[in-house]
Amino acid sequence: MNQILTHPSLELIHLNKLYNSPNYIGGEMIIIMKMNASENDLDAVITRVTKEGFKTHISKGEEVTIVGVIGDERRLDQGAISRMKGVDRVVPVLRPFKLASRDFQPEDTKITINGHVIGGNKIIVMAGPCSVESLEQVMETANVVKEAGAHLLRGGAFKPRTSPYSFQGMGEEGLKILAKAREETGLHVVTEVMAPEQVGLVAEYADILQIGTRNMQNYALLNAVGKTNVPVLLKRGMMSTIEELLMSAEYIMSNGNHKVILCERGIRTFEKYTRNTLDINAVPVLKELTHLPVVVDPSHATGKWTLVKAASKAAVAAGADGLIIEVHPNPAEAVSDGEQSLKPRRFFELMAEVRRIAQAVERSI
Amino acid sequence: MNQILTHPSLELIHLNKLYNSPNYIGGEMIIIMKMNASENDLDAVITRVTKEGFKTHISKGEEVTIVGVIGDERRLDQGAISRMKGVDRVVPVLRPFKLASRDFQPEDTKITINGHVIGGNKIIVMAGPCSVESLEQVMETANVVKEAGAHLLRGGAFKPRTSPYSFQGMGEEGLKILAKAREETGLHVVTEVMAPEQVGLVAEYADILQIGTRNMQNYALLNAVGKTNVPVLLKRGMMSTIEELLMSAEYIMSNGNHKVILCERGIRTFEKYTRNTLDINAVPVLKELTHLPVVVDPSHATGKWTLVKAASKAAVAAGADGLIIEVHPNPAEAVSDGEQSLKPRRFFELMAEVRRIAQAVERSI
Amino acid sequence: MNQILTHPSLELIHLNKLYNSPNYIGGEMIIIMKMNASENDLDAVITRVTKEGFKTHISKGEEVTIVGVIGDERRLDQGAISRMKGVDRVVPVLRPFKLASRDFQPEDTKITINGHVIGGNKIIVMAGPCSVESLEQVMETANVVKEAGAHLLRGGAFKPRTSPYSFQGMGEEGLKILAKAREETGLHVVTEVMAPEQVGLVAEYADILQIGTRNMQNYALLNAVGKTNVPVLLKRGMMSTIEELLMSAEYIMSNGNHKVILCERGIRTFEKYTRNTLDINAVPVLKELTHLPVVVDPSHATGKWTLVKAASKAAVAAGADGLIIEVHPNPAEAVSDGEQSLKPRRFFELMAEVRRIAQAVERSI
Amino acid sequence: MNQILTHPSLELIHLNKLYNSPNYIGGEMIIIMKMNASENDLDAVITRVTKEGFKTHISKGEEVTIVGVIGDERRLDQGAISRMKGVDRVVPVLRPFKLASRDFQPEDTKITINGHVIGGNKIIVMAGPCSVESLEQVMETANVVKEAGAHLLRGGAFKPRTSPYSFQGMGEEGLKILAKAREETGLHVVTEVMAPEQVGLVAEYADILQIGTRNMQNYALLNAVGKTNVPVLLKRGMMSTIEELLMSAEYIMSNGNHKVILCERGIRTFEKYTRNTLDINAVPVLKELTHLPVVVDPSHATGKWTLVKAASKAAVAAGADGLIIEVHPNPAEAVSDGEQSLKPRRFFELMAEVRRIAQAVERSI
């Protein structure tokens, strides 16, 4: 599979990651023998690697012998090899993801929803309440965000909540409200799906299926949305690396659904002044590593409405293809996330300022 | 619900957590007004809180007014109140979990599996391979760990893997192998369930259902296992707080299944020499906060077999009720996690040394 | 001290922080008694607090009694009070920093260097090599960055290096090279000082004294630079919270030197694709909390030259007052940080693109 | 330098660390060329490496060429090489520390203070107040901890405090109190030194010089204590890796002072229930990597007195050579860290329980 090239400007695949997820698909790797490895140890390594269909290159240094492993992309389990007698460590050369990789597909993926192209020149804005609470609330918000220039409506009907005693969302009734708002305003809808058995139901109503941060590695769910042909907004786990985000995209894509939008929404760090730490670096990193569109959620990434505007401007300046923002007509009355939701007036301000940044990076909104 | 007391020796409920998961169930809270809050702001807060069925206590300081909120445990959404005009912040007094709380149930929960009591004086050891690979591999391991003194057999038939291209487990066939090993050795079985729709199937074969670290906040799955009466081993998310772990236990328990075993398995930090950082503090913290049994997984918490023995001894010294350990007859051939699996000989050594620690803390094994 | 107001839009002082640094200066605090606290416990608390010169407000709830503590800003040690019998926890109301606080001084601090105002409308760019290596290297870089529009020259003569075997900097000779470059180009100089006894020497040559990330809590050094009247560029510790950064600024300011420039340079997280994680949220947070100028170091915050441009644009879009960027005429030959240094050509590109962002936020450069 | 061997059981040197601190001293490394590297690129790399005195081994794979670099331990800057045209990344083979490495010195370092051997079979306990407050307080504590079986007295005369408004320690008067307590009780003294210019003064009074967590990378201070021959207790930075801790030990040792005691004192993570997270894994990791003694500070590693006993037992079970514990006759009156200090009675209990663990690991106390 010659298309799986190492991206020229990327230089590191974390060695330590090997031990976390020793699932690399690439054919090329390097086995570093221990200083005190015997000839028998070396022979055993060569025999095993050869048996699995690879060729080897032996390089004997003054102190250490290195085995280069060359071949096609059959799976070779580094964890097992690194455990062999005389082996010090194993270093892979290729990346663990393929379909999501920009090496595999150099040109940007563009996903069109209702005439709006996600991943193109235009910055796409998705806005709306955290939770669907009532038809009135959704309609009021939808009208406001449409007027301010948003392209899609967001809103949660199924809500993942830390506490079983919190409001869990309106469920199908909430989906119907979102569909009604789409009918009235023409704004297409992005909403979360939380379990494999909900996928069919949510896909009936939603234009984009959102996978939430807590479900980024819920593989049954990733497989289920991968079997639809509905675009998927995949939120980065609050505790997941950029590489793991791409591996989760790979799950969806390997099931046939290549319409994946990646979303940076803040990561968990020691800093607690903000709800999360917006990993702004992730935006240019993802644009290097993958052809998939990248959007940013400044609401969850900050957790405080006073910071949402600055974070949105930073995201667009850094190269994001879109934003997903919480707006509520009356945040103080919101059943969830009122702290980080914008009032309509502030969302208008935000759109005006983000538009200027978009122009400065030669994009429209 | 008067039983929901604040545990006397626990002094902090994270203020910042409020904004992350403003789902506190307790009735008592404190509202701190801003310095420039007007009388109207204060009246609006009092009116709202009163309307929701709470009583208030007003305390006017030289610079700041504080509203104490007193009442029963009806839900009051702090996020919304903290967003009201003139409110600086809201501080809760009670904890967000109830059924899992030691305040609610002071005596330890004891869960009996095949005559072995988890949560009692005896240290319970669960051991076996990361993945079920074949009947021979499982039988060989089961015999070894039984002989060494383990009480239960662990092994994965459904495997959550970062890469879609990695071995995903043997599925039902793996469950049948585990059942066969139980029949032959008498060791009962703990194995992972990854999706709500698998729960019925896995529960047919398993004696303990394991929820993996990536699924700790997969609420559909928590609800599903909560509806069985099979004991659940709930692994802490690799980047979840202790409080979130208890909230996830609360999900299972609020569905009726109170047989929950908590498992500390290492958290993700900046230190990358080890696969994870074993949060040994979590053991005594959990023993303070909850009545549920606490076990430790030293294999994932270190990621390196050379460290597993020391981590196991530390866990028992710190008060853990059990251990869950990866053992493989031939780690270099393991399809997953070979790096952290113990050879049989080393597992015997570990059991001997852990036994001495158990005696030192006046427990048996 | 009535000027120490709580900033209206800031709602949290981390409760857990109390136990980390129980050094709050504010007078107002709340003591929450345990549910089982006796009248004697309460009396002891009131007696102690009163003895230290505070007034109290008692609020008895159904389950919990709360003591409001009111008074001037004399120090009251929460750690000690939280340890008293019957006390559940202590919550402070005011912030731990004062001179650095925007409450204390609402208008922005402006620091003028060589006619360039840091903290005003103009975005100030400091650029140059990581390490001073030779007169030729510094002169070549200085001429380049000046031509591209930078306002100050950066370069390290004393270098903090993880390894004692690495190049430790040219020392005073390096300072002389920087002074020579200033003479030739007119660019004033920012350079690091690493020890209290070096302060006098470095201050002879430098226009801004840089405190590096590893020294953010080197209090002897903070006190020493606080006793000069040279502006200080204070880098955030890679492991320090925003609040700790402000406390370190407070150290410098409390010694009399109010010319402090804060620098966000990336924090350490679990994400290892980048050298650090740029905490872009810190920019608007600091602009809320403090009147001091805020600059961003996109070179260390990313660790990879391919990401520096995007990070710089994000920083300015988020509200930063300046940038400090590593530029090297030949990064592949740099003795340190070659990986993240920009070539001259790329620095020109960066300046052009950042200029457009500056205009979009109505600032110049 | 043939003694600098790779330790047989250690398999990873973080690739990403290279870019953080590209200061590796080892001679052997591997340069991985990009897929699209030209022959000219390869030649340039070979020429440069050869010019710096190394030999090369070229291994051409189907897609990637690898350059093995072989030679003696002259410094080769990977940062610079990794930036060369056509180079994908550089992987080192040897470790960055030498004098501290167990490869360099396989046998344990033993440091004798007043007849007590640190690093031998006996668990050494250092105990006393966080801050020296008065002669009475220190004498009372010293008598208590001596009676309970502690071997050394700890206490801070110079205190690093987050706030400039907090108690900064009694300074030299505090040192005199400690010396007086030593005279009376025979307990030798460990106390912190915060600045290079204090080293002479503190060394006059102290038997062990403590470097605090905030100063672990204060290189001027490390150099200064390295020039004495007084044993140094080096605390791990609260957000420093194990490797960085060893590099800081290397600084001290490279100045001639090989009497370094390493101290794990908890690291900063997202978990905020405890003040820090005790990295218990670090104990066996350090025992593998270095010959230096390793002690644990359970007081700072937990931040709560209720957890100190469990953490102490875990530390000894994991292989620590000693403990350093905060004890205060009246924690509620302590001027600092009262929250985590043990009362005398609880310290007696702790010593009794830790003694049993010590026996279980065949050590005395």
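Residue numbering begins at 1 within each chain, and the chains themselves are lettered A, B, C and D in the order written.
The working rule: a residue touches a chain if its C-beta (ideal position, glycine included) is under 8 Å from a C-beta of that chain, and two chains touch if they have at least 3 such contacts.
Just so it is clear, the model here is predicted, and its values are computed rather than measured.
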| item | value |
| --- | --- |
| Contact-richer chain pair (by C-beta pairs counted) among A-B and A-D | A-B |
| Identity of the chain that, by mean CA position, is farthest from chain C | B |
| Between chain A and chain B, centroid-to-centroid distance (C-alpha), Å | 26 |
| Computed distance of Cα centres, chain C from chain A, in Å | 31 |
| Distance from chain D to chain A - Cα centre to Cα centre, in angstrom | 37 |
| Residues of chain B whose C-beta touches two or more other chains | 12, 14, 16, 19, 82, 239, 268-270, 272-273 |
| Sites on chain B touched by chain A in the complex | 14, 16, 19-25, 75, 77, 79-85, 96-97, 160-166, 194-198, 214-215, 217-221, 237-240, 244, 247, 250-251, 254-255, 268, 272-273, 275, 303-304, 331-340 |
| Sites on chain C touched by chain B in the complex | 2, 5-6, 8, 10-16, 18-19, 28, 30, 32, 34-36, 57, 59-64, 66, 68, 70-71, 82, 87-89, 91, 93, 268-270, 272 |
| List of chain C residues in touch with chain A within their complex | 9, 12, 14, 16-17, 239, 241-243, 267, 269-274, 277-285, 288, 301-302, 306-307, 310-311, 313-319, 353, 356-357, 359-361 |
